[in-house]
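Accompanying notes for the structure given below.
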Amino acid sequence: MHGAATAGHREDGVTGPAPTPPAALLSIRALRVDLRAEGELRRVIHDVTLDVAEGESVGLVGESGSGKSMTARAVARLLPEGAVTGGEIVFDGEPVLTLRGAALRRFRRGGIATIFQDPAAHINPVRTIGDHLTEGLRLVRGVDAREAERRAAAMLGEVGIAGGERRLRQHPHELSGGMLQRVMIASVLLDEPRLILADEPTTALDVTTQSEVMALLSELSRERRLAMLYITHDLELAAGVCDRTAVMYAGAVMEVQRSAALNDGPLNPYTAALLAARPRVDARSDRLEAIAGRPRSAFEAPEGCVFADRCPHVEDACVAERQELRPLAGGLVRCRRAEELRGRLGHA
Amino acid sequence: MSGALPIERVIPPGAARRRLRGRDPLLAGCVVVIAALVLMALLAPLIAPHDPDASDILAANEGSSLSHPLGTDSVGRDILSRIIHGARLSLLGPALVVVAATVGGVAVALVTAWRGGRVDTVASRVLDILFAFPGLIFAILAVAMFGTGLVAPVIALSIAYLPYIARVIRSAAIRERALPYVEACQVAGMSPLRICWRHLLPNLLPYVAVQAAVSFGYALVDLSALSYLGLGVQPPSAEWGRMVADGQAAILNGNPEASLYAGMAIVVTVLAFNLLADRLVRRTAQ
Amino acid sequence: MPEPVVAVEDLRKEFPVPGAPGLVAVDDVSFELERGESLAVIGESGSGKTTLARMLVGLETPTAGRIEIDGEDRSRPGRRARERLERGRRIQLVFQNPYSSLDRRQPARACIAEMLDLHFGLSPDERDARVRELCEQVGLDERQAGALPRALSGGQRQRVAIARALAVRPQVLVLDEAVASLDVSIQAQILNLLADIRAQEDISYIVVSHDLAVVRQISDKGFVMEHGRVVERGSTVDLLDAPQHPYTQLLRRSVPGPGWTPQRRQRGVHA
């Protein structure tokens, strides 16, 4: 692809040494997004820095307004009209934010495929499942119709839908939500992407179906060595399926860590608060440790640390200046007291 | 205890939004024009320079002058004064039609939306039948049976307009009825009448206002047409549709003022109401 | 044994399907709720849990069976005003979606005041005092109490909905996925609030939820529904720590948590 123009840009990230190997497939550096709302620009992302390596799955977790979905949209180049971006997104050596015309179309067909929360909204209701699955193969890759159908039916088998040939003749309304999400996954896999963007793919599904769909997604992406950026509000779900997890708040990445370490050793007070606030299925707590106030969006966050107004560990200096994301204990954290608080955060 | 509970805060919606919402010059213009028309009708005896019915055969078909700014008609009556006084009957008729058709239409809509099922099916069929009657023909029929004047056409048009309003409001009411807050009212133990009156209706008012404004325009045109045909308000009462008809003969003599100004009054009024409806639709959609 | 505040016997709801046998949403469900107790109705979509809740508060007419609330037969929705009000004073519902369960033209204070006017003949001063008391109980400040729903966040709206329900001092509060659409940090605030209310008032909860962690946090006992039937019942602790029925076990396994990995039921299954 067109890699030459961007080689020099990767170094000007704000983070110093990242915990991932340098060969990141997707690299987001100091991403900033402003959206036009009611005639004024409103910041929705103020600093996202994140890498996804080849074959790696990374969770991006946040509450409403944190900017997690907007980050995914920026990566997929699906930001709303009039959005103003800053920083850099590099996919496979190519800067994504500046792609135009034919290069943009190639990017959308090739490297990155997106799975959305509501599959029904992204599958044409009047056409058959078969049409949806084979369209890309036939039109973009020039596979002949019979071969495309054979591949589509085989892929349905892969995602756990039996009777593929018959399913190809069905329409979206004949399938349940869980089935449709499998169809969505099948269609994404048929595109043979290198990175899957999954934006709350199971939020609309029942828990048992969610478990199956997530198992399927992580199994298949592992088999195919696909990278995945998995966006969700559910910290535990992300930790269960992703190698690393990034936690976002008010338009900024607050912490990135190996998922296995996140639960017991959160580095950022916000992550710790989020973990403590969630009721547990294995034990009742007398009282949940609710976080005071409500989640902020980037444009309404305080001047200094974005979490300063709700943080139980806030000090005067926290309010004074914005914090940068910096390495700590094999992860990345945005908190000036991180070293001092390390080991004291996390649940009792 | 609740005192220890953290209180959530919400940044109030930006001042920019309020400014944007409030600023709609076209809407403001429509409201000003309509308010002026209504004032003109109410204060007609005070502001009209002349008696609208006083004819002066010697001053017939005069052009614009200081004493007759819009000139005089074929029997020498002051056109401006007749337009000003004409606003009374010209606006009263449509207003009565709109009030009657809206009250009836909204009532039908709320009952059918609330009850659903068989009530809704029967009412919808009856409305379908009413749709088959063109308003104007219906009104002419009424005039034929009950005589000319304002009353018969107003009643006929009210009946003819009712199904249009009922249909639009019904579909809005069905959407509104499906919202959980209506069920919350039911769980609270409220009577259907109270829920409709205190909750559904206020939330439907924007739709009702739009329908009323659209209907006003149509009703004004229809009633003017009836007067023009000689089936509505009878001479010498000043009314715009009547004035257009009466002024016709003079047009051929090169004196179009009477018809022209009355016609313009109709156009301006209808336009103001239609634009008002259009702007209200946009506001509701926001 | 004291009389249960809610007793449901063989409750059944069929929805007619044109040209087919009726769809059975709730299939012979029975349970009892003691005073002050919190009972969980656990299930996924299509389990019939919401239909059950709607029958309890009189939004749906059961096809068969009996509902008794506070010793009175409430098997069908009240036809007369007095019946509706009497039921409303005993059992209230908090809906899942705080964005549409409030009248968008009614400020929080007016919403609560209307409920009080409907049920009690209070003087304006008494009423305002009670509105203030309720707002304080659920953690709404002066500004929020005077604000329209659109100026409030999801959590704040749910507080208004809870205050509205509490206004009549009901004996039973049905929480239909009442915290499901809230952010984690806000969910914790509301769950704590619900725990506080149960400690202060003489009130019982029926917690309708798919979320086992929420169920654990605010219920004492419960039952699991699948396709309209109760498949397992017991104390919350037993249900979650030692589930017996395969479906309960599946539900329990599906909850993400530390060390959890998602599981596929089997290859080629029809979801």
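A few notes on this one:
Lettered A, B and C in written order, each chain numbered from 1.
Here is the rule we use: contacts are C-beta pairs under 8 Å (C-beta built on N, C-alpha and C of every residue); 3 or more make two chains touch, one makes a residue touch a chain.
Not measured: the values here are computed from a predicted model.
If each chain is reduced to the average of its C-alpha atoms, the one that sits nearest the average of all protein C-alpha atoms is C. Ranked by the number of C-beta pairs in contact, the top chain pair here is A-C.
For chain B, the chain whose average C-alpha position is most distant is A. Distance between chain centres (mean CA atoms), chain A to chain C: 33 Å.
Our note on geometry: chain B versus chain C, Cα centroid distance of 46 Å, whole angstroms.
Chain centres here are Cα means. That of chain A falls 54 Å from that of chain B. Counting only residues that touch two or more partner chains, chain C has 153, 155-156, 186, 189, 192. Counting partner chains per residue, chain A has residues 290-291, 294 touching two or more of them.
Touching of two or more other chains is recorded for residues 5-8, 10 of chain B.
Note for the complex: chain C touches chain B at residues 57-59, 78, 81, 84-89, 91-93, 95, 97, 100-106, 114-115, 118-119, 136-141, 144, 150-153, 155-156, 161, 164, 168, 186, 189, 192-193, 196. By the touch criterion stated above, chain A contacts chain C in their complex at residues 63-64, 157, 160-162, 176, 178-179, 182, 206-216, 218-219, 233-237, 239-241, 263-264, 273-274, 277-285, 287-291, 294-295. Chain C meets chain A in the complex at residues 44-45, 153-156, 183-189, 191-192, 195, 210-214, 216-217, 240-241, 250-258, 260-265, 267-271.
Chain B contributes residues 1-3, 5-8, 10, 12-13, 179-181, 183-191, 198-199, 202-203 to its touches with chain C in the complex.
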